[in-house]
Amino acid sequence: MTLEVQGLTRHFGGIKALDGVDFRLGQGELAGIIGPNGSGKTTLFNVITGIYRPDRGSVSMEEGDITGLPPHEINRRGIARTFQNIRLFRELTVVDNVRIAHHPHVRYGPVDALLRTGAFYREERRTRERVEAYLSIFSLQDRRKELAKNLPYGDQRKLEIARALASRPKVLLLDEPAAGMNPSEVGALMKFILGIRERFSLTVLLIEHQMRLVMGICERLIVMDFGQVIARGLPAEIRRDPKVIEAYLGMPVGGARGDESIER
Amino acid sequence: MVYGIVRLINFAHGDVFMVGAFLAFYAVEKFHLPLPAVFALAAGGSAFLAVVIERLAYRPLRNAPKIAALITAIGISLFLEYFTALHQVFGPNYYAFPRPFHVVSLEIGGITFTNIQGIILLSTLASLGALQYVVYRTKVGRGMRAVSHDIVTAGLMGVNVNAVISFTFGLGAALAGVGGALYGIAYPQINTFMGVMPGLKAFTAAVLGGIGSIPGAVLGALIMGQSETMTTAYLSSTYRDGIAFVLLIAVLLWKPTGILGKARTEKV
Amino acid sequence: MNILANIAKAVLPFAVLSGLLLFLSAHEILNPYWVQIFQLSCIVAVSALGLNLIYGFTGLFSLGHAAFYGVGAYTAALLTKLYVGAYGDEALLATGAVFLGSLVAGGSAAALLACLVGLPTLRLTSDYLGIATLGFGVIMKVFFDNADSLVPQLGGARGMTGIARMTGIPWAVAALVAAILVTRNLVHSTYGRALVAIREDEVAAAAMGVDTFRYKVIGFTAGCAFAGVAGGLYAHLYTFLHPSTFDFLKSFDILMIVVLGGLGNMSGTLVASFAWVFLLEGMRVALPPEYIEFRWVLIPLLLIVTMLVRPRGLFGVREFPFLRSKVYR
């Protein structure tokens, strides 16, 4: 068990964003969360990563309970994420965006920084090497000095994933990584996610609306609606599940088509 | 109100208040106008000034980093204060504000009232009523509320954003101008720096009561006024300015958006 | 890279500059009035670097900077005054140790107060933090006005007199060089990057492992410590302290300097600090007597024009070569 969520419940005013959500992720799994807009998927990510505390329920990893820990603590326990609306450091360069993820792993103290000791220069060089490594995996090294806000949309999404990866997580949460991508980009992204999962021994949980990506690479799916898990299982089962179809289309229907993104 | 719409702490507000007081001074002293005309002149002059400032200095900076507009506001505030303090203009001295009417005292139930206080109270209530009406029952008011939620979308929905913002500045300044005139009548001494503290306290009262809430602003002002008076009476007048801010910090720590403020949750 | 080599590289500009100035003023080539103005510029620059750290780099909108400047000033002045009272003038002037101690105490007092104020208020959002710190500034001014009822030597509303004139060129320049080095070395390290990340997007910074609250407090405290040290130097330059020097309007002055130079730009802060002080004083000298108060009309106009023309400040993002990062180019 790499990540376990039990009975997560969270209200916002009168709205129940999460209502008793449970699931479990095993090491190395690639799972997807799907569901109509407003079903609580991003809220789930926000609770797991400590941005919101749950009203009830728990989040735990192998090492123990992480419920309610602050976001930076959760990151240090090995969970990194991207955001639905891309939260890059827009006025900073590509390099600086990735560098910040290395901050918790830096091996020098403030005194070293102030006095510019050998340890400082060594660690800064090490940081630079790591950052370069990540940038080249994502083919962003030629743009290293560009400001994040000036990157094309697709590259911004890549940068956000690069930044998340640079914090050396065990679990990677991707919130709509394919949003705004065309079919060939989605295909490349699919290969890419499989590749990094392999290379970095990650456990990946992603939220997506693009069914091709979801059906193509996810080993397991969790379907949410109104803050609850309404179905879980293999992609092939899910696409035939009448409850799922009803949630997406708003009425009971026989047969399913899952090629394009489904909006309520 | 201005802050609610353009998210700008208008540091020049207190100086518009001061201009209102000076206009009222001239209205009474030089032109011997009756009271309603005094208020009208103060309100109108202040509104005009504010609209000019908005057009020349704030509008060009609407898409610039917010701090640029803020610094410009500070610059305008200083400019108004020091320019009017030049000998060639009003000069740095205090002027005695002439009473436009006789002061009459009434005694009700052991508490003494003056007609000045009565006028202040009535003017305040009237302004409050007018403001509520404008914001909630007119088209322009609806535009103001729309802009305060989402300026871009309001524009796309057909709200004339520039006009609404100018109107808001003008309206806020008109109120400040009337406030300045009232202040001159009540504390019959005016000077070009008189707006500094009231401007600051006005904003503080708004924050205390909750930005975006008109009743909140009134509540904040009442609380601040009361606490100042009580501090002067029971502690010492030298602590007076401090108490308002102690209160403010205490309230902000308890309710970060003010007493009646609406929390704006950011979608993550 | 050798630490000693680094220190030598740092000491060199200080030694050259202060040596030159001392030589010039000793031989009366430089007008002592302008030498004092130069020292004031150094002091203002130290304070401004502090606010730049708080607001320019960490993004914390603090409008109470002058209060911390005041705390440093009064603390340092009180300590030297008490020392002189106990041991006499000679003992104070003999070594710089006591003066240095008083500056450290001033900076520490400001830092401690910053921690106390910051812990509750740094959770507020930007504009509210501004108003809260502004309020704190007003509260401190009231405190300074009434301080003599606690400690008579502090002078209260009549002002504090009788402070020894300890600040000289070497002290002012040394403080400035130290401030520049500390700021530069901090900014171009993982700590500085953490602060900037917080400024850019606090939520994302936290998600990437930065303890945002802790770093906000650190940034705020460090910046206020700069102000405290600057205040101590100020007290021992003008030898007289009055609460009106530390009211919220003075916080605006420092804010304007930092914004004019460019937020998060050290070079800009330096240039703007010197320009501000020299312009104000220069106008006092240059303008005919009846028009002296025009400087307070011209400066705001200059400010407004600068903001309209260059909203990001004079320097934007470019730094002088010695202030750029050498680690990653």
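The letters A, B and C name the chains in turn, as written, and every chain counts its residues from 1.
In this text, a residue touches a chain if its C-beta (ideal position, glycine included) is under 8 Å from a C-beta of that chain, and two chains touch if they have at least 3 such contacts.
Just so we're clear, the structure is a prediction, and the values are computed from it rather than from any experiment.
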Looking at mean CA positions, which chain is nearest the middle of everything shown? C
Far-end chain from chain A, centres as C-alpha averages: B
List the centre-to-centre spacing of chain A and chain B in whole Å, with centres computed as mean CA coordinates. 48
Chain A and chain C have mean C-alpha positions lying a whole-number Å distance apart equal to 43
With chain centres taken as the means of their Cα atoms, state the distance from chain B to chain C in Å. 32
Can you list the chain A residues in contact with two or more other chains? 51, 83
In chain B, what residues contact two or more other chains? 268
At least two partner chains per residue is the criterion; list those residues in chain C. 203
Of all residues in chain B, which touch chain C in the complex? 3, 7, 9, 57, 60-61, 64-65, 67-69, 71-72, 74-79, 82-83, 85-87, 92, 196, 200, 203-204, 207, 238-239, 241-242, 244-246, 248-249, 252-253, 256-257, 268
Residues of chain C defined as touching chain A within the complex: 1, 3, 6, 182, 185-186, 189-191, 193-194, 196-197, 200-201, 203-212, 327-328
Would you mind writing out the residues of chain C in touch with chain B in their complex? 120-121, 123-125, 127-128, 130-132, 134-136, 138-139, 141-143, 145-146, 157, 203, 248-249, 252, 255-256, 259-260, 263, 290, 293-294, 296-297, 299-301, 303-304, 307-308, 311-312
Note: in the complex, chain A contacts chain C through residues 49-51, 70-72, 75-76, 80-81, 83, 87-92, 95-96, 99-104, 106, 108, 110, 113-118, 120-121, 124, 127-128, 163-164, 167
